[in-house]
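Okay, got some structures for you below.
Here chain A shows up in two complexes: once beside chain B, once beside chain C.
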Partner chain A sequence: MTRFLLRRCLQGVAVLVAVLVASFGLLKFVPGDPARQVAGTRATEAQVEAIRENLGLNDNVGVQLWKYLGRLVRGDFGSTTNGASDVADLIGQNYPVTLWLIVTSLVLTAIVSLALASSAVRRPGKLVDRLVLVTGSVGLAIPSFWLGIVLLIAVARPTGWFPIGGWGDSFGDRLRAVVLPCITLTASLIPFTTRSLRTSMLEVRQSEFVAAGRSVGLDGLPLFRRFILRNSLVPTVALFASLAGVVLSGTVLVEATFALPGLGQMMVVGAINRDVNVVQGLTVVFAAGVIVFNLVGDVVVALLDPRVERR
Partner chain B sequence: MKKKLTSVVVAAALALVACGGDGGDSSPTEPAEGTEAPQTPGDETPTSTPEASAGEADRILNVARPWPIDGFKGDNCVSAGSISMNLIVYDTLLRVPENGEGTAPGLAESITYDETALTYTITLREGLTFSDGSPLTADDVVFSVDQWRAGPINGILYASIASAEVVDDLTVRLNLAAPDALLLYIFTWCSSTVYPSDFGGLTEDDYYKKPISAGSFTVSEWSNPGATETIVLGANPNHWNGPGGGSDLDQIVFQASLDPNQQLLAFEAGEVDLVEVVDPFSVRDFDPAVVKSAGVLPITLLTLNVGNEKLADPAVRAAISQAIDREEIAALLEGSGEAATGVLPINVTGWAEGSTPYVTDTEAARAVLEPLDIDLEILYDSSSSVISAAVEVLAAQLGDVGVDISLSGSDNGTVVGRASSSDFEMVILQLAAISPTILDPVIGLVGLYLPWAQADTAAIYDQFLAGASTTDVAAWESAIAAIQDEARATNAVIGLFNYSPIDVVSTRVSGFKRLPFAIWYADGISIAQ
Partner chain C sequence: MNSRSRRRVDPLLATGLGIVAVVLLLGIIAPLITSHDPLAQNVRARLASPSGDHWLGTDLLGRDVFSRILHGARIDIPLALVATLVPAVIGTLLGTVSGYYSRRVDAIIMRFADVVQAFPVYIFLVALVFLLGPGARSFVVASACISWVGYARLVRAEVSRLKSRDFIVAARAAGIGDRRVLGRHLLPNVMPQVYAYMASDAVLALVALASLSFLSLGVQPPEPEWGRMIADGVDRIRSEWWLSAVPGLAIVIVGTGFSLIAFGLERQASRR
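Moving on to the complex of A and B:
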């Protein structure tokens, strides 16, 4: 297991460096001048040039990248281009909201997918199974920003049960604030995991070891829990981990729709303002998040199916 | 297996609980980690604090806005988010009067300009204090002027000041290196912010995180600086116009977020009292009593790159101008705008119309443009629904006279980036006054837009110098009329429409008034319980 973990960690670091270099390069190709964004449209070319020099934008791209990586190694994400805030501080202040959203969404996805897939495979092809498949297709077809607005208009506003955007002070307030965003985010995730789980459950039900289990008198919940569920989870856990990137990118839209002060909105404004340090800093955080999710997924899969570890 | 899964769930729950009490909180009642300045004299004042809000501070104005501030440093003030904020927090030596004409006293009782001696004499009000109770004197003004001049962004506005000297506790003299009648108006601007000497004993960085200031409200909290920031201002009990600038508010809470739909829904639900700057299309179904014109009238311009061979011929540019029906475009704005009659923003002191107004003549335009069979790109900021709607109509109008238009919508950064590199054929740009003088948008025209369009600026620059050397409004009007005519003759920039964004203000709120130049003061605002 140690060698397996070490190998995966090294792969993760390589991916992180590749993402950093690629995103740094891509930002250089994006039209728009960070110095002009800081100076405003009224600034003269001389002022913009002075700011460009101050931000180090006149160095060649290789030097800029080298300096950036050097700072990053020291844990220095730099400051926003207008110098008003430290990027690491901003990430530190904004990450809890995004983490709340991700964790609650993944937990809800896991619970609902498990319940739906289990119900569907009890009688394949019958009403419940068909309903699960159809509602899944609907969930996949609904754009999350539209669903978010509908939930605000049709649920939050008339009932007053949930805030119309924003974050809260207490644990309870935050739970209320995250319910609708969480539903919005999971609506497009649940169909993926439910279908994956349903398919693998159906396959496992036909396997010889399940037949063997039945032959020794196991049935119902014990058979499901010990034989079917554990073996069905392997492909779904892998899928679940790979959906981390989808969840993270989904937070960008959902946070904007529900005015949640998280990393997603920070990323959008950073991109609009051509704030290289903000976008790069968040790219590191998002990439590291996806890598960690996948690493955890690999470990869970290896625990569920030791053959994976030996590959 | 069961234990492992349980561990994962517990770890997730612990992670969430751990997130429960830290800086992710954007609530106005709990200071965020990392944004608090060290203890300062300012912290000991009896201003309304977020902590007090739960029990005492009931009169809270909740403001939703689409943009964050540029920080509290006056030199950084370039975007709409900072303009009003700085004026509320710091106040300025002079203010913009309600009608937008001339200047009104602010921290200074008067400022006089001696055109012969090239000096400004600033006389402060008596008894001014900062929010921490310390007196605001001439020393603080001189310190502040030095900060303005040293600013890499807005410092150029003060380039004519050679030195600032203390005459007595209430009087400061500015010695100019060159005539500059505009400076008087720049004293109303958000970069002309007055700081205590030596930043009140704080480091510069710490000071700008939570400034000690002389405005009607002072900063109680600034959490999550940036896109989703929350800024809580508490009423300044020491303001010269009375506590909170004579308003009855205890706090103003500014919440920035990206989605205007969410902000308007929060307004309808009573969670927000004021939504700043929305487009007229979003509020069609709102009660007219809550929809207020922001009173800001930037002009929207079609800028043509005369360095591009398709647009090098003045006759082609004139025909493009003739093809535009400005009234049809202005009609889209549902009463919040009007057709342009020149290239400079209206409702600004010194504005004057040129002698040759725009004329729409489709037949004449077609006669010139159709035989050329040209295709042109219009670059525009597609994040603005008003501009997006306007360019659709514009493209149709130019299509009618035989120009094949392709629309390139992009974000503001790309538009400004390409425009400033002259990498465009036609681009939609906006021009606004930042102070109560028409000469200041002319700076934008001659310093930026015309050079970006690779057009000659000499004639307009000469007129600008003639206007800027005097405070005589009649002289300004004469210069502006000549500038409008020159622009009309060359058509490197073509006026389209003047447009005022919309503020949505609850009927509970009274005394709110958006003045020209995108600003509003908190003085006199009250909110019904």
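Moving on to the complex of A and C:
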């Protein structure tokens, strides 16, 4: 177990380093002169030169990369282009919204897709199963931001229960503000999860121990709960661990749709304003999030199922 | 397998192809169907409700919404197809090299794939578009940088699986060159799955294009792109809600068409 853990952690660190170097490239290849962009259009040549020196853009690339990595290790992402605020502080302010959204959506997704997959698996190839498959593939074609807008039009507008975009100050307001975004994000995840859950549950259902359970007279719900559902736990956890990238992608769009002040919204605004430090910092944070998420998932799977280790 | 059963087209595939073809055709003959220029502004007729003249009303700048949605098919469908084709070609080539040739090249390509996959797709898309500047060209380049991974993994797995099968081993033992073995014997057995994957990738490309444009990082105004039209209507959802709702339907219809094509191709590929 220790060796497995160590190996996975080392792999994670290796990918993380590669990601950091890649994010450094973001600044290097940005068209135009970063110093001039920071300085603004009315700056004199001398001012631009001073900023260039200050940003360390005159050093050679190796030195720059080394300084950049050192900065990130210390948690220093630089300041926004207009100099008004510190990127790390902004991330600190905005991450709770994103975390709220992710956690609530993952819980809801787990419940809904487990329910859908298990009712589909009860009778493979029959009506419910086919319906689940078809809604899954149509679901992929529904842009999540558009679904969010449709929910605003069809639910928030006539009922008045939920705000039309925006966040709140009190706990109650925030709870109401997160409902529709959470449903939107869940709906965009369901096609991914239900399909693979269905496949893995089908596999479990056809395995020998289920046949054995049947042969001793178990059937219906007891058989399903004790044999099928429990043995589908490992693939479910593995599936959710692999979902990290999709979830974070989803938050970018959903936050933009509902005007939620989270990290995804910050990333989009940063990209529109051509703010290098914001885009760079968030790319690193998101990628690190995915790597950690995957790592934790792998470890949990290995703890649940000791056979995985030896693969 | 006789030649007749091979020629019979899967009903889902036919339906999907039909849907996409009809929407594309509507886009092509759009100038014949509607007399309104999709770009012509008319400030005095702005935000008009649907009527006999403007079937879906007009937007904030008084442009005819129906005409814009039809013309949108000329932008969204071809761009989604190009953004699918480019990474498919790159990924298939890299996957073939990875699966067929030396292990060292394989290791390098797959580590690259690992790094690309560490980024969430939309984060990577936004970052790349930031790098290249917004626009249709950036979208295609960014898609190529990201989506090749799926094809490379698929083709690599299939090629290395088939490589040890008797008919390939026999072909190589008979002294047939690598290029011919690949082109005549190996890839023809892999491509049906690549085509199916392309169709499901086209769904994602279509949605990604609309999403980026919605975030104002994709196709730029005043072009009638569906995602951008949804974004333009967002401020009016309390009253003129159809401005945002209807262009989305166009995306869902075409996306479902691609999905059905993927379903049909998958079934055909697995039947062989």
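The rule is simple: the second predicted complex is superposed on the first by the 266 of 311 C-alpha atoms of A that agree within 3 Å, B and C clash if a C-alpha of one lies under 4 Å from a C-alpha of the other, contacts with A are read in each partner's own complex, and residues count from 1 in each chain.
One rule holds in what follows: a contact is a pair of C-beta atoms (placed from the backbone, for glycine too) under 8 Å apart; a residue touches a chain by one contact, two chains touch by 3 or more.
Because the structure is a prediction, the values reported are computed rather than measured.
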Contacts of A:L69 with chain B and chain C, given as first, second, both or neither: neither
First (chain B), second (chain C), both or neither touched by A:V61: neither
Most chain A residues touched (candidates chain B, chain C): B
Chain B versus chain C as contact partner of A:I142, first or second or both or neither: second
Partner chain(s) touched by A:P163 [first = chain B, second = chain C, both, neither]: first
Touched partner set for A:V150, first chain B, second chain C, both or neither: second
Which of chain B and chain C A:V268 touches, first, second, both or neither: both
First (chain B), second (chain C), both or neither touched by A:F171: first
Which superposed partner A:N82 touches (first chain B, second chain C, both, neither): first
Which superposed partner A:L90 touches (first chain B, second chain C, both, neither): first
Chain A positions touched by chain B in one structure and by chain C in the second: 30-31, 149, 152-153, 157, 164, 256, 268, 270, 272, 274
Chain C to chain A touching residues, read off their complex: 111, 114-115, 117-124, 126-127, 129-133, 200, 203-204, 206-207, 210-211, 214-217, 227, 230, 234, 237-238, 241, 244-245, 248, 251-252, 254-256, 258-260, 262-263
Complex contacts: residues of chain B adjacent to chain A: 1, 4, 9, 12, 15-17, 19-20, 22-27, 29-30, 32-35, 68-73, 76, 78-79, 152-153, 156, 208, 223-230, 255, 257-259, 261-263, 265-266, 268-269, 271, 383, 410-414, 416-418, 420, 423, 429, 434, 443-444, 447-448, 451
Touching residues on chain A, where the partner in the complex is chain C: 15-16, 18-19, 22-23, 26, 29-31, 137-138, 140-146, 149-150, 152-153, 157, 164, 244-250, 252-253, 256, 267-268, 270-272, 274, 279, 282-283, 286-287, 290-291
Chain A residues touching chain B - in the complex, by the definition given at the top: 30-33, 36-45, 47-48, 50-51, 54, 80, 82-85, 89-90, 92-97, 99-100, 103-104, 107, 149, 152-153, 156-157, 160, 163-171, 174, 230, 255-262, 265-266, 268-270, 272-274, 278, 303-304
